[in-house]
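Each chain carries a letter (A, B, C, D and E) given by its place in the written order, and its residues are counted from 1.
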């Protein structure tokens, strides 16, 4: 199997495992990490596909995505801290006052 | 297209005869309660005027040919329905009878109802009834006829329920109305058939006959069902005895003289519309009714009930006559019956009134077993009652005899020589001829002759009540309708009918039969015991014939009683069935239909609960759900 | 392409972005003001920003783009479609400012964030390039996450966390999808011919997967099933004006880009994917889930959240028809939706200012004491249900007629199902839309009532919205005619 | 001389003005409402004086209202189009009359008069408007406009279970109107104005919709469209939807269960309006919209329609027989009577249609009277249970006289308006099998049972409540006879019932032309069955 | 050849580190594993001729994001009783969903025409190219990202410090 395929499978794996982390792990920050992983999977794709094409669109897009990731991380951490202030935990499942009551 | 009427003298006459009773009733209703005593006077006076006018009208008509007027009432689908009047000799004499008897009953009621609080309503309804009855007689449009037909029913309902605190009275009224209603539905369907096939309801209109034979028969049968209801024929006759709950004068007017006769009148009026089968049906129904009624009358102890059953029997006789094509006879008998039966009822009313006067209220004044020996105490009542009874029994020199002659003659000719079902019908006529004298005699004997159980110190009814009785009694003497007792030709030219020559054999036979009947009756009833217990007395068995006759009649009476019960129970059953079924439907309403709707609502809520349960507050499961949805979506689209 | 031309093109494009520039300016200024001004003078900020929104509103009207202009070398395109939506955004921002009431400490940031969201919405509506799309989307999302927490209490913190996590995952999916699409089309400009040529009748499954991953992000924005679960929690926890804002501006922005995206991916009907069916299915599920979940809901804001899920389903109907008219009607509906939604939330806000409303039962009997707000609420609810005499009825009528027509043309059964589901759900929706007016007028109050504070200005505000609703019912021709002018091509 | 618009908008305008009057002057509102009703009566008299007996539409007012550019589909056009023909005139006359009575009977309303009378006025305008409207959208708007006032009138001023009743009423009716809306949407898309050139102009104008030539070729509702959904063509489906939508309002079995609850809970004036006017919209809708627009479907389904009518007649009557609550009994009797209307319509003969319209009118009068009567008793005692009364006739003489009149009128006694309508319907239904072969004879014959049952339950009620020894359970207040206000309400109704029973031509002058035109159009407009 | 080996090495690293994040319970280890993962990814970028990107990745992620996260971990896990704990829940559905997603992706990729042909990018300084692109074609996104950063900064600052304000 060629290098491209391998790398694509890697990115797919990264994406899915990032998602899995985001869905399963019991710490908001680890969830955040999972999301970062997903973004990086996207980056890997972009660079990989860009590698076969002329123009730098893919790489530039990846660049912007890194910026976006940073912003998300910052905002995310801020929000997590705030929630932590109220709930004294960063376990998403324990932060569940808002729900359907019946 | 209907010609505009020319407003002649007789037109105004007709109109006033029709309207005056209405005016009377309206004026009664508009009277304040506290001057209620005015009501009887007003209405009686107005009725007097009306009946005088009716007499004038009668002679008008009988001199000139028949007159007819009609006004377009409304147009439906370009066809006109007219309020039309047809006056021929039959109609005019019926009008005469109705007005006169109504007047007399009014008169009687003044005395009879003197203590009643609701005189206003009573006389108002009487007036209204008279109006409706006259309309019914006059109109020659089936729809109009039907309308008045229903109106008389309503007024009868209201009058039966006059003693509205009495449960039994109300029940009787309701029963009467409902049974009538069944008949009326038949009538209505008949109308519908006629309209939708011929597009007209004018009785005279030839188009009525130009409809398919089947539908013509059907229409005839339906209308006859109406007659069955109204004039108490088998199987709808047992409202009439109950209707006796009403005031006695009412029974005299409505349930003896006029309303119940309306059916017979209608039969004659539209006899040209009937097919052979219908006639057959009519005849058979009549014969059954007449025998059943007679036997019923034989075993009643309530004076009014006896009269009621006899009315049924007589009506049956008339209907049978109509069915057998003995139109004139039947009609003639109808007129006579109006007189003598009204007379009988008034007499009964007088007796009851008298009994109520002496305050022995603990015993039932209507039970003939409690009566007796009133001959001396109430001479006038006795005489008039006796005359009317004689007429009912068909004893010579009375009107009843004459018309019964006529019927029997025509029946025998109709029955023909070779044996057929007609013979059965005819024979029933003879049976009635035999039975009628018996129960009549029984009545007279028990009331006036037999030794009284209790000492009554009663005195004669007031004059105002006596006059009508006397009038009616004289009316039911043969003189009025025929100058010679046996031969009645003179009566014929009075009512331009052409009667067949009386068959002297028949009259002879009938006289003989009546004689036998009277003898037997006297023989049976002369000793006291019969009065209190059952009819069969030991020495009765001697006479084989009578014995046989008695057994038979007993059986029959049981049968008829059973029949009565049966009919009653059937009707009750139906009503109960309806009510229970109605409850079931009500339940269905509450639980099935609504339940369905609610069910939908609940299921919607349930689904909602499921969808909402996704939002369990755990963000990661939200994500899981969302992604799962996405994946499912992708898979669905891809493969 | 020569660098020089590009630069000149860029400097030329600046001129077309006047409203956005004004917005950026106001953002900076309000930041400075927030630093300079004393804490109790900050009402000035609201007035100022409201003024700027109005200003940019009129700037758009004044420079109405009659033919589309491509900006920044195809990064964005300013056409009347996007201009229309930009008008709606600014209107929404304006109304939000009118009903907002923040604590002094936070109000400058509040306004900055709203500015940022509006800016992002405008750019999103115009963007023609995935990069642009992602950035402006983030420019909407991140401030929204933070705004959701602006009640500064336990609940709203949780709400914003959930919003954030959900949103970022959705965005990540979208980005991944874009990367896939990029791999196939080797361009990021989804309006370019290259994009279309590359993808036209390509049966590559990866394309489908990519498209769906992209949809994930957009569905999250417009809160449609299956990415709707965040809505109730956020709506419940966030301050009401913010909810009003979030339920309109980001949703409509998402709707605009969703439309563009779907049309782009539909490739003029050359696509292998049955986009009409897909959108219809999404719409059907959204309507059903939204309405049914709202049925037994007792918290008014959660209820409205579900209702807005259903509403986005109704909005999607117009797109599902895949016809110009359908999209016009969708835009009409969007305009009406903005009005009625703001009406409802404004009244709700007014109620909440004086009494604490945890459950609809708190409304019991209030209609007697304070008739006018109650009446306004009633009318808003009627409009949301889609009954006359409100513009909500007209909007639904038009939407459904477009649906019927496109069923006539392509008798695909899904559209008929959508038709039926939509209309039946109008009845279902009544159950809960009527719940609050029912309590307001029909119920006897449980406890002693205090008449709620009604400011004259607030009443005037409601009155204007009510009048608008009725006006557009009586005379929809003008607005609709104007929308009909809008002819956009990709 | 915009008489119709005046008739419609005077009440609505007054209501809007009355919003400004402070609630302190509560007593003024009822006099305002009364004044409006009286003005309406005057206007009605003017209209009658101008109206001549020819068929077709009179007093036409047509103003362009909504005109929306649908881009490539052409133009959406809705008009403010009101006019009167025999049908709508009789209905409008009825409405004005009944609304006057209802206003008088609202005199005793104490609770929040302002709101009550404003809602009443709005309802008034909406009712008359939807009877006059000839533009389907306009009709629908007025139709929906009736719902909310009704909802609140029942829900606020109603009885014990008022919330349940009002919600139920509202949802049922809304469901119906949604079904109607579906058809409206489908219709206006597939109908164009005859004068529309290459640019198609979609119209809501009912008269255009009734003309099959205006159907856009190969649209789903065009006569030649071969597309089927299930086993029916779309025209048939559309007819069925309209039919169900309207018989929910009628109401016919099995969509009738909202009626008893609504009636039992509603305050007297409101149940008067509900029974006398709102129920008529079911039949009115069938006669004005469903039948003329889809004649082929109407003829195809007429057997079914007749059957529904028959079932309603019998079923309603049986339920009335079983109900213990006076108002409930009357409500079910309404179901039964409106079943007659449905039967008459199904027969599609001139007699049947005439009878149906006549029955609508007479039922309007009589049911109003019945509900007023029930209300009188309820005002006295606050108890409607039949079983709790006996022998009222001896205590309340005049009252029971009116009861007797009303009951006999309602059970179809000749001489009252009810009888005329029913007998015409029977004529029509029976001869339908020979004239156009739509509904079989046995339906007509079975339907007569309705009369018998009617007599049964009314007489039984009289027997239980009014005759017999006087006794009243759990009632403290002594029963007083009618007061003058109640006379003013009841007497006109009784007289009307009598007059229209004795002089049917008064009304037939208006109905006859309508009926004959209706039947002609039904059969000439190019479809299969012809007599 | 050498490149190949390094590439496979990086791939291996990243996979392993991801697995570590998935499976271990200690947040710190997760953070470090993420770090290695990102570094190896940046290596891969480098091999794919995206040097600038690789560097950015190193700087921003390793330098910025990770530090941020570790701060976060410190701040959030200090007070709570059981620190550094992160056990995981709803594994099965999660694995189901993600696994199927992975399968879908793989299958989709297998029969999608993404050309595996190596057309080399024009050799030369990609970094400068990127710079030019940023200034020309991607000017608008560049500006906007700046704005985005600003807004996020303000918002985050407020959010993170809001509870103090809320108290005051």
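Criterion: a residue touches a chain if its C-beta (ideal position, glycine included) is under 8 Å from a C-beta of that chain, and two chains touch if they have at least 3 such contacts.
Owing to the predicted nature of the structure, the values given are computational and were not obtained by experimental measurement.
The set of chains in contact with chain A as well as chain D comprises B, C. Think of each touching pair as a link: the shortest run of links from chain A to chain B has 1 of them. Chain centres were defined as the mean of their Cα atoms; on that basis the chain farthest from chain E turns out to be B.
No other pair of chains has as many C-beta pairs in contact as A-E. Distance from per-chain Cα centroids to the pooled protein Cα centroid is smallest for D.
The mean-CA centres of chain C and chain D are about 43 angstrom from one another, to the nearest whole unit. Averaged C-alpha coordinates give centres for chain B and chain E that are 105 Å from one another. As a whole-number value, the distance joining the C-alpha centres of chain B and chain C reads 81 Å.
Computed from the mean C-alpha positions, the centre of chain B lies at a distance of 40 Å from the centre of chain D.
Residues of chain B in contact with at least two other chains: 609, 612, 615, 617, 619-620, 623-624, 627-628, 634, 638. Listed for chain C are residues 131, 135, 138, 142, 146, 149, 153, 160-162, 165, 169, 173, 183, 205, 208-209, 232-233, 296, 431, each touching two or more other chains.
The residues of chain E that reach two or more other chains are 89-90, 94, 97-98, 101, 104-105, 108-109, 114, 138, 141, 145, 148, 152, 155-156, 159, 162-163, listed in rising order. The chain pairs satisfying the stated touch condition come to A-B, A-C, A-E, B-C, B-D, B-E, C-D, C-E.
Taken in their complex, chain B has these residues touching chain D: 33, 73-78, 143, 146-148, 150-151, 154, 157, 161, 164-165, 167, 170-171, 174, 177-178, 181-182, 185, 188-189, 191-193, 195-197, 575, 578-579, 581-583, 585-586, 589, 593-594, 597. Only residues 609, 612-613, 615-620, 623-624, 627 of chain B touch chain A when the two sit together in their complex. Against chain E, the residues of chain C that register as touching in their complex are 3, 6-7, 10, 13, 24, 27, 31, 71-73, 75-76, 103, 105-106, 109, 112-113, 116, 119, 123, 131-132, 135-136, 138-139, 142-143, 146, 149, 152-153, 160, 183-184, 202, 204-209. Of all residues in chain B, those touching chain C in their complex are 601, 604-605, 607-609, 611-612, 614-615, 617, 619-620, 622-623, 625-630, 633-634, 637-638.
Those residues of chain E lying in contact with chain A across their complex are 4, 7, 11, 14-15, 18-19, 21-22, 27, 30-31, 34, 37-38, 41, 44-45, 48-50, 52-53, 56-57, 60-61, 64-65, 68-69, 71-73, 75-77, 79-80, 85-91, 94-95, 97-99, 101-102, 105-106, 109, 114-119, 121-122, 126, 129-130, 133-134, 138, 141, 145, 148-149, 152-153, 155-157, 159-160, 162-163.
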